[in-house]
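Below: a set of structures, written as structure tokens.
Look at the two complexes coming up: subunit A is in both, with subunit B in one and subunit C in the other.
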Partner chain A sequence: MSEGLGEEVKTNPQGDVITAAPAPTKEAKKGAAAQRVVDPDYLFLQAPREKTFITGSEAAKEAIRRANVDVAISYPITPQSETMQQVGYLYAEGYVKDYYRGEEEYGVMSAIAGASRSGVRCLSATAGPGLMRGLEVISSWPGGRLPAVLLIMCRVINAPLAIQPDNVELSYMLNTGCLLFHAENQQDFYDYALAAFMIGEKPEVTLPVAVAVDGFFVTHARGWVSLPAADIKLPPRDCYHEAVPMMDNENPPIRISRDAPIQKSNFISYQMHASWQQEIWAAQERSRKWIERWLGGLVEVVNPKAKIMIVASGAAVSQSREAVRQAAEQGIEVGLVKIKSVRPFPAEEVRAALDHAEKILVPEFNYVGWLAKEVKSTIRGSERVISGPRVFGGMSMPTELILEYIMGTPNRR
Partner chain B sequence: MALETIRVSPGFQKFLPKEYQDLVENGPFTKERKVSELGSFKEILEEHPMCAGCAMTLFIRVTLLALPSVENSVIIGTAGCGRLALSQAAIPFVYGNYGDTNAVASGLKRGLSVRFKDKPKDVIVMAGDGGLADIGFSAVMHSWFRKEKFTTIMLDNEVYGNTGGQESGMTQKGMVLKMAPNGKKFEKMDMIGLAKTSGVAYIARIAPTNPTRVANTVRKAVLIAREVGPTYIQAYTSCNIEYAIPTPKVMDDAREVEKDRYGFMEYMTDDAKAYWEKSEADRRKLKAPQTK
Partner chain C sequence: MKQTQEPAYRVLTGPEGLLPPAAAIMGIHLPEDGEGLVEGRIVPEEKAMEAAAIAMLTRKNPTLFPGPLMLWGWNEHTIEKSAPFFEVAREIPGVRIIPMPDYRPIYPKIDPEAVINPCHPNLTIWHNKIEACVFIGVHCHFANITLKMIRAGTNCYTIALCAEAGHEDAMASVPQFTAEKLKNFAETLKRVKKNGIKPLYEGQGIIPSGWAQIAGLTGVEAVKPEEEMVEAGFAHDLEKGLDENEE
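And now, the complex of A and B:
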């Protein structure tokens, strides 16, 4: 029998297909049980891969399938993406050991803080207003030295009520102390999310990692993703080799008031707090070598010698690539610096890549231009930077718009 | 393994402070200690910056003594007076964000259950009335609805003591406190009733007038949480500063309040009752041959 043929396809008001949760098949459960642990280098760099055509949310699911996640905690924040419900199916199939829907984002992010302290590998995902709701807790993860992975499917912040893709919420993530990677496409989202677990759990890093992707353009759209086989997974979290003791009563000394209040008004407390904060940002820097190893660097540079350079992250990179191609057709050489890691920010790399440039564009999917500000504060000669083009509130970024900025300097003040 | 982590390795004894060795050798880690023995051995909590005469400190001291497996327990607190003592006790303590206790405890307990399948790890939330009934209310309720297996202990001093005496949801109606200059306008929140409605397995209301009863209640709550579901203890732990109770009269006040409106009450679901009766019978059986 051909299932579903001739049946009406139900969709929600956003146009997403409504599917009842399928019960995990015996086959699927076998798949989870048969997975074997492999070396991260093998999984990331050497394992043979096959191309599939999937959405960004599905790419995230495939990363989680191979990530050996212990605890995943979800909240719908409609409309976010279907990733966390996909993770629910992975839980039902046995790929994730524990999973539940939390009360709201503050509760979810707090529960992640608890789970990470117990020594397990944990995951959540959110966006826009949900990210803002959880931000108080997310900002305290790095200070707790809590490795966890947070996927952010950017969705703009409310008021006026919005559900559109726009990555303004990432500007709030810049100063939390979390590592922050920004995926260009479905492939990146798979690769970055999977590597994020291993990078954050490295002893010299011991930090949470946020992996952001532009909502709708990547999460809901399909793209080609090369995946290794599903029968391999990452090694489990090795919590006893991290920077701080676990809250499991298994590591001496038993008196570990790691979260003791150090906010007393005296010099020793100030000193403790200051050095602890410094250590978070130093740990960010120490993550670089792993980002270089597993993500192929913090940046990617195209046409490095061009006099006109574009700096972009996320979906703006894809649009910029196309603009670079179209400009070349017109005989204009344009270069591109793709920022993969926003935190740690690749200051040296950006400076080196832009030193010779006469004109620098920073196209962004948000109003505030957080990336342009980062670039300007990093390079010598910031007057070379044209902060734009920018689109926001869900608008797409036509390559013509980038080309206009390449050819002239629209709206330059 | 947990107990092994605190034992002093032979050869290192002379390097570790006498106090630590005393705690390991004579404290409640290796021997079950009774309330009547308080003062005669090294305790989990000794030094603390709590106010003189604080009833909460006595309650915490007894609670720590009563934990059925100190070496496998983690305590979660939040801003408030209680954590000043808890963070200085010889037991792992998580001090997270405001109002996050029961959400953190949910994640921690689940994570520990994933990692330690055959060894019970007890998670205990101990926080104030403001932390649990006001700012942490949603997390508390949802941890109960989800039947998370940990104990929540409310140190109910009916005021925000640590921030200088503001009314809380647990303050009695009519009390004049900061932020309630004309007296509190609404009734004390019925957290016990809410706990019942949420299906909490074991609920107790208690004042610190009878330390042995406090110890028995805590032990029961932690053990039931381990096996059955969420448990909740609401303890009257007066703030002698904000309520201007003379230090020598703190226990008199506790007795009065207990008689008036905070009498000992416990409630168990059928599941909890069945488990508790069976486990007590097993324990008696286990104990019987040993006494011969």
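And now, the complex of A and C:
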């Protein structure tokens, strides 16, 4: 304790000293106040950018700095904690209007739902087991037609305990109704997160957007990120132009909001519920236009004519790019389909890109192979798909492993 | 994503079946500003307005369904639409105006002459034998679920005049529907009549339906004393209904 020094030391209820980052400088606070709103097209596509060498977490922070976020709520869990700690700095500097730590992830995701219903722009982030804890509430967001952005920094789901990257958690997200983008690197994490706010808030979409990235490989590693100036930001959420009315206690009738339909035991009552669910997935389809516009498409295709094609998302794309390069050195042409948007799934684009392929590999950072299942259920001739290679439990993916599969899977044809 | 090829699916007047798919899932794309949708096909805006006008003039019991955005005047945009809304009504002989003031479920039963409710829109359509209707000022989510249910079980030609991006599940829809476009719709109604479309209910004005219409539009005495109506309000009916049907 610092008794006698004349300074009061703050402690938590357990008596631990609370440490904090230095108070923001006046200069930093001026930055937030000076930001001006620009058209999203300008911010995403036209504004001059400068390259900077930063971590994935810092890239997310830079996205949030320009996102005009009203409320950020989070509960710490590795590897997400670092990003949300940085969001705390943004709050201190005035870039985020409100910020707090929830009691746990269920509470956080519930609080985000409440905030979104009130019409403000919301953000949360989580990882692995935290996502599992919040998943019940997250699954209710799309039905509530609640725009919000959820950053998912993937990690192993227990047990055995590990904090390393593994994106099996995304298999749980596939059918929640949330839009789901999977970022390959730091640049993607910046671009996808920022665009996610605008895409989810489009009136015809009005859905939550999850932006996933493979933890540590991207969140804690540095990469080159092109950023526009920090003095511009997105327009605020325009909640009066969305698919559902927000809670508005100053305009009658308050209860016009999203009351659940009364469920009587008859077909027509349940038909209303069924139509409601259909509408969520229809709204996903409507998001394609904006993903095309602001993320340059739902997929990226490299070497489109190659007979051997790799399909990957997230950090597995980077390993695949390198495997494609190494295969070329050996005189083998290999193509690559990068899946940017997992939901909506780019079925048409994937079918078109793989129609000619003789062999299709799907490298993944998880045991269950959710992406391989998606690809198999989408294309004609699913026997062409080799579900692998896969690594999990926090392993990295050596490019040699992908090359082995390109040359011929060990112990297989 | 722009519609690159003609989708096989068409959004036709129902009944289509117990649970039709959402048109967006079947490859129907929303039009851009200046375009419209007719039965799932993107057409120039004036063509969509024309199709909507013909349906409203020639099909049985045409009805306008104004939603909360029209009724509650939440912002300038909705307020400025109310005058041209009545211009449109005046151009459709025999038209009814049945509001959707709220999205709350009304049980055990709605008064189908007084309101349409998104939980069972088919009841209003069936009861009034409505074969053409316009949704305007309804939040997109509730418009879409309602339009799907109408398509499933009725033969009503649905038209969605949407202030936002438009509706794939309506037989005709125009997006970004401003007050100006509402005036154009009134002009379109006049034009198609001039060009030879004979309205089914030639010579009839707006047909009152429900106590609100009787009180408001025809000058007829309200069925209840006005103060009682205000006091009772909409919630009163709802509460009564719930109590009667308690399970």
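Some points to look at:
FYI, the second predicted complex is superposed on the first by the 376 of 413 C-alpha atoms of A that agree within 3 Å, B and C clash if a C-alpha of one lies under 4 Å from a C-alpha of the other, contacts with A are read in each partner's own complex, and residues count from 1 in each chain.
Definition applied: contacts are C-beta pairs under 8 Å (C-beta built on N, C-alpha and C of every residue); 3 or more make two chains touch, one makes a residue touch a chain.
Predicted model only: the values in this text are computed from it and were never measured.
In the superposition on chain A, A:A111 makes contact with subunit B only, while subunit C stays out of contact range.
Residue contacts after overlaying the shared chain place A:V244 against subunit C, while subunit B stays out of touching range. Applying the stated contact rule after C-alpha superposition, one finds that A:D70 touches subunit B and leaves subunit C untouched.
Of the two partner chains placed by superposition, only subunit C is touched by A:S269; subunit B is not. Of the two partner chains placed by superposition, only subunit B is touched by A:C122; subunit C is not.
Contacts of A:K233 after superposition: neither subunit B nor subunit C is touched.
In the superposition on chain A, A:R288 makes contact with subunit C only, while subunit B stays out of contact range.
When the shared chain is aligned, subunit B comes close enough to touch A:S140, but subunit C does not. When both complexes are overlaid on chain A, the residue A:E204 reaches subunit C alone and has no touch with subunit B. Residues 251-253, 255-259, 261 of subunit A are contacted both by subunit B in one complex and by subunit C in the other.
On the subunit A side of its complex with subunit C, the touching residues are 145, 202-204, 206, 240-245, 251-253, 255-259, 261-262, 264, 267-269, 271-272, 274-276, 278-279, 281-283, 285-286, 288-289, 292. Within the complex, the subunit B residues that touch subunit A are 1-2, 5-6, 71-74, 76, 83-84, 87-88, 90-100, 103-116, 121, 138-139, 141-142, 146. Here subunit A touches subunit B in the complex through residues 70-71, 73, 97-98, 100, 102-104, 106-108, 110-120, 122, 136-137, 140, 144, 247-261, going by the rule given at the top. Put simply, subunit C touches subunit A in their complex at residues 1-2, 18-19, 21-25, 29-30, 68, 72, 74-75, 101-105, 107, 118-120, 122, 139-142, 144-146, 148-149, 152, 163-166, 168-169, 234.
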